[in-house]
Structures are given as structure tokens and as C-alpha cells.
Amino acid sequence: MVKIVGLAGSLRPGSYSQMALADVASRVEALGAEVEILDLRSLRLPFCDGGDAYPDYPDVERLKQAVLNADGIILVTPEYHGSISGVLKNTLDLMGFEEFSGKVTGLISVLGGQSNSNALNDMRTIMRWIHAWTIPEQVAIGQAWKAFDETGRLIDESLSERLNAFAQSLVDNTQKLRGSAKQVAVA
Amino acid sequence: MVKIVGLAGSLRPGSYSQMALADVASRVEALGAEVEILDLRSLRLPFCDGGDAYPDYPDVERLKQAVLNADGIILVTPEYHGSISGVLKNTLDLMGFEEFSGKVTGLISVLGGQSNSNALNDMRTIMRWIHAWTIPEQVAIGQAWKAFDETGRLIDESLSERLNAFAQSLVDNTQKLRGSAKQVAVA
Amino acid sequence: MVKIVGLAGSLRPGSYSQMALADVASRVEALGAEVEILDLRSLRLPFCDGGDAYPDYPDVERLKQAVLNADGIILVTPEYHGSISGVLKNTLDLMGFEEFSGKVTGLISVLGGQSNSNALNDMRTIMRWIHAWTIPEQVAIGQAWKAFDETGRLIDESLSERLNAFAQSLVDNTQKLRGSAKQVAVA
Amino acid sequence: MVKIVGLAGSLRPGSYSQMALADVASRVEALGAEVEILDLRSLRLPFCDGGDAYPDYPDVERLKQAVLNADGIILVTPEYHGSISGVLKNTLDLMGFEEFSGKVTGLISVLGGQSNSNALNDMRTIMRWIHAWTIPEQVAIGQAWKAFDETGRLIDESLSERLNAFAQSLVDNTQKLRGSAKQVAVA
């Protein structure tokens, strides 16, 4: 069984990014994978200071262990200023090569305005930097304020089909790529 | 006289990014500009939750006012995972179009390993997103641990000349571009 | 008076990129600038082989002289595979620092599908690499097949207003930035 | 057995990109894969005009068939102006989703100056756009004029080890990912 961890980079109550994560997580679970959502709104994390030790913040270790033990990771970011949110980037900065190398990631962005792939592009480069795989399927959910119904499911049919393809690819390809001998980092 | 604010996205004591910012700030001041450094290590800022109000964090307002009143902004980031640090991105997320539109920015990155322009590229896209100008001169300081002498000045001659060109361009072009009628945002 | 050269990276008869270029050129001219369009469909250019001499292709020299004598450049690209067209990139490869350094550029992309800023982002990085300025205003024209009327003018009001802002910014800021002492290249 | 096609985006006689491609191809072959190099210097290809039919250029069909029948593709680009060469981008523009979807690609760039990952980043985004996988291992060969010995092999030990890791990852992961049901395109 494939183990997937999900992280969404928004702290807003009622966040659409968290909504998108919950939606896609249920699709991934329906395919037989085990999914754990780490809600950054309930973890207490520090700003990364470039070091490794955060003795006052036990949630750093909890975060790192969860990602370390996962086979794949779903990252959802609100697109802030045409890029990944600082909140999510800071969370990634607290981890690194050890947690991500050889893992399979899937990327989703959520925007208030028109859909765009800026944040997705930046995240893809970041993932490669810490030597993770990223599935070609990615989803940018534009005009998020009208994208979900009251139960938190995507309304748009074609977006919904793309989330299904995203979930299928993440599960299938995590199975295929898992257990790669971890490679030496390459810049 | 041109007013410049400097921000460096590292919280590490002894941070090379802060060192690079101090170095370039002194060069910019030597050209007659007024420079204010906002040290993120002494500001108390929250994680951005996508909202505008942070009543418990008066430093948010202080940050915003300083950037609002500036003509130009120097941004220095450590390159974490091939991109801007989460700390700096979060600081930018607390501001936006109002503070940056029409301003002139100059970008510097600091790396432990080989020089690379990933973080600079991402920052340039982010600056455009909030409708700021970015000068073509940019500097990536690689192998930062051996780049500075004990007084915090860059050792490498060619890097030092590039910081001079950076400072000159920032001051000259901020003068030229300042007072542009603020343009309507374009995505 | 400001001299602007326009280049569109599509060779298709009836190209929407060429249409967008003609449209924006007329707006730029209406602001008092001189605009020359170099239509890549009527220039005979070689593939760049990394060298400087193309004795069999006199249009290379014509292209270089036109850009060298311009104060600003409009670049329009069809977005092919999420980036600049090879045709336009090859045209840029035939030139370089000498023609572009210190010039002011404005960027437009044209897409068959949904609007996106991938090609614009790549072009912005490329422009910086050859030390040109790029105005913050940029326009991605999505679903180009329904974007223009039979006279070749943009139908959408908000896109049209953005092209006006683009033209105004290009002319105004080329005047301001022109005649900058050319800076030493910085990687 | 895995079938790999290699393409290098330089037309220069004595091209370092072609040299790098030949070097990595021999490493990939040593791992049991079948490698075909398509040398763009001996193919006669047109500039892409956005259409599908190039009756005067039979090499277009030869190119497309070779990539269509491959399981994986090695792309080597000289970094021109901080991005992919126009020559290579134009070659990719002549193909698309049909040839690349679900394939595994490996990316290498070759630079005259300091190593940088700009061209690699742009290529990675382009590959995703046409729904290909890209292995996390990538190699930027800086100061190419002193990187190879007279037999065309990389001199630098650490770069050489990275090319070995690149070759191993390309072969192993092409085997794992090959035969994925082709996914529906997602923008």
C-alpha cells in the first residue's frame, strides 16, 4: 500500500487550498492509498533559520517523520504573488533532501483570479532541487471562491476529472518509482 | 534623494544574506541614497494567513509603512531548495501591490554551494506580479562561507565590482523611474 | 522621439501573434513613437549555429541593425509547449548583449487555450540575461482564435485597456531609461 | 530493452553539446539500453510554422517517428541567453504531445561560462507541458571549452559521476515508467 502525506500552504480558516487537499485526498484514498493530511493550521512551526534543531517546536520533528515515512507527497499552495506561499515554502525549508529524495510528489495550486501555472512551476523546480519526482499531472484551480460546492467538492467537471487523473497518476507512479535506490544529490 | 529599504530573508545569526545586505547598503548610501535596513531577525512577524489585519503584530504595519514610503527595495535571499526562502516570501506575502507597484527593486541571492540564479528568477517573477520593476543587474553570491572578510565586505573583486554596478543602477534608475504614475495592475 | 522595433515569433499565415503585434504597434505609434515591425515571415534567417557570421543571410545584419538602433523592443510570442516559440528564440539567439543591453522591452504572448504566463516568464528571464529592461506590464492573450475582430483589433475590453497600459508604459519608460550608460554585463 | 533517442540543440561544428550527448549516450548504452542519436546538423528541418505538414522536409517525419518509437529522450542544450537554444526549441515545436506524453526525459545543458540551471528549468517546464516525465538528475556542464578531453570524454570526476547517475536513473526509471497508460493532457 502506498503512503501519501498531504500539505496545504494556507493558514486561512475556510481555506480553499485545504479544501482542495481534502478533496484530492479522498480521491487518492479511494484508490487504496493511505493518506495523512498534516494541517499547517494545527501544527506549531517556527520560521526556518537555516539550522536543523528546533527544540522548542516538537511539531518540526513530527512533520519531518511523517514526510520521511511517506512514499509520496501532495503539495497544495495558494498562489500568492505568482508563486508558492511563504508558509508552504517555509515548511519545505524545515525539511530537505533527506525527507524528499526519491519521493513522488503531486502539485496543485489555488488562485483567486484566473488559473496560472507560476506557483506550480516554482514548486516543480523546488521539488527537483531536493531530488523528488513530480508527476506531469498538475492542477491549477482558478477563481477558487466559486470552484467548490458546500460539501467542499469541486464543481467543475473537467477540473474534477483532472483531479481523478492526478490521483490515479500519483498512486500508480508512486508504486512504480518507490524503492528507487536513493540517488546522490545533483545540483 | 532616493529612499531605499533593504530586506534580507535569513534569520540565522551571522547570516551571510544579512552581511551581503549591509555591504550593498553601504555602497548605495555612498551614492547619496538613504537606506533603511529592516532586519527580519528583530521584527516580530506572523505567518501570512491571506488576510490584511494582524492586530497582534504591530511590526506588520511598520514593515508595510517602510516599504510604502520607499522608492526602491533591495531584496537579499538565501537560496533555499533552489528558490527564495520561505521567510522572505512570507514577508512579501504580508505586503503586496500597494507597497510595491511602480517601485524599483534590486535582487541578490546568497548560496552555500555554486552560484545559481534560480532564486533570483523566482523573485523577479514575484516582483513583476506585484508590479514592481527589477533592475537587470542582479548578483548571486556562491560559496558564501568564503565570500566575506572579517569586516563583512566581499572579498572577490569581480563580485565587488558587480555590487557596485548593482548599487549604481539601483540609485540611477530609481531616480528615473520614480514618480511613474502608478499603473493599473496587469496579471 | 522613441524608436521601437516589434518582432512576433510566429510564421503562420494569419498568425494571431502578428495580429497582436500590429494592434499594439498602432497604439504605440498613437503615443508618438516610431515603430518598425520586422516580420519574420518575410526575413530570411538561418538557424543560429552559435557563431557571429552569416554571410549567406544578409537579413541577419538587417535584423541586428534595426534592434541596435531601437530604444525599445516589443516581443510577441505564440506560447508553444508552455514557452517561447523556437522561431523567436532563434531570432534572439542571432543577436545578444550588443543589441539588447540597456534597451526597454515589452512582452506579449498569444495562446490557443487558456491564458498563462509561462512564455512571458521565460522571455523575461531571457531579456535579463542579455541585460535588457522589461516593463512590468505584460499581456497574455488566451483563446486567440476568438480574441480579434475582422480588422485585427482585440475584441475584449479589458485586454484592450491592458494593451493601452502596455503601450503607455513602454513609451514613457523607454524615454526615462533610454541613454542609460550601458552597464557591464552581469550574469 | 529500453530505447532512448538523443537530441542536442547545437549546430556548431565541434559542438560541446553534441560531445556531451555522445558521452552520455555511451554511458546509457553501457547499461544495456539502445540509443539513437539524431544529429540536428545532418537533419534538414524547417522553422515550425505552427502547422503539422512539412511535405518538403521528410526529416520532420523521420524525427517524429524516432521520438514516437522511443521510451526515453535525452535532450542536451547549449544555454543561449539563459535558456534553451532556439534550434532545440524549434525541434520540439515540430513535435508535441503525441511524441512525448508519458515518455521519460533526461536534461543536460552546456555553458561557456559558469554553470547555471536556467535552461534546465525552462526545459523541465516544457517537458511537463507536453506531458513527459523528467528525471530529477540533471547536469549543467559549465566552462565547456575546458570540460572535455581530446577523445570527447568529460574530464571532471564529479561531473562524470553525475553523468553516470544520470544514465543509471534514465535507464532504470524509463523501465519503471514505460507502458504507463498514456494520460489525458492536463494544462
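Which chain is which? They are A, B, C and D, in the order written, and residues in each are numbered from 1.
Just so we're on the same page, a contact is a pair of C-beta atoms (placed from the backbone, for glycine too) under 8 Å apart; a residue touches a chain by one contact, two chains touch by 3 or more.
Remember, it's a predicted structure, so these values are computed and weren't measured experimentally.
Novice: Between C-D and B-C, name the chain pair that shares the greater number of C-beta pairs in contact.
Specialist: Looking at contacts between chains, C-D has the larger number.
Novice: Counting only C-alpha atoms to place each centre, which chain is farthest from chain C?
Specialist: Between chain C and every other chain, the largest centroid distance is to A.
Novice: Hey, how far is the Cα centre of chain A from the one of chain C, in Å?
Specialist: Each chain's C-alpha centroid was found; their separation is 36 Å.
Novice: CA centre of chain B versus CA centre of chain C: separation in Å?
Specialist: Their C-alpha centroids are separated by 29 Å.
Novice: So which bits of chain D are touching at least two other chains?
Specialist: Residues 82, 114, 116-118, 121, 125, 128, 187 of chain D touch two or more partner chains.
Novice: Tell me, which parts of chain C touch chain A in their complex?
Specialist: These residues of chain C touch chain A: 82, 114-118, 121.
Novice: Quick check: in the complex, which residue numbers of chain B touch chain A?
Specialist: Interface residues on chain B, with respect to chain A: 10-12, 15, 47-51, 78, 80-93, 96, 113-114, 116, 118, 122, 125-126, 128-130, 187.
Novice: Which residues, counting only chain D, touch chain A once they are in their complex?
Specialist: Against chain A, the touching part of chain D is residues 117, 121, 124-125, 128, 131-134, 136-140, 161-162, 165-166, 169, 172-173, 176-177, 180, 183-184, 186-187.
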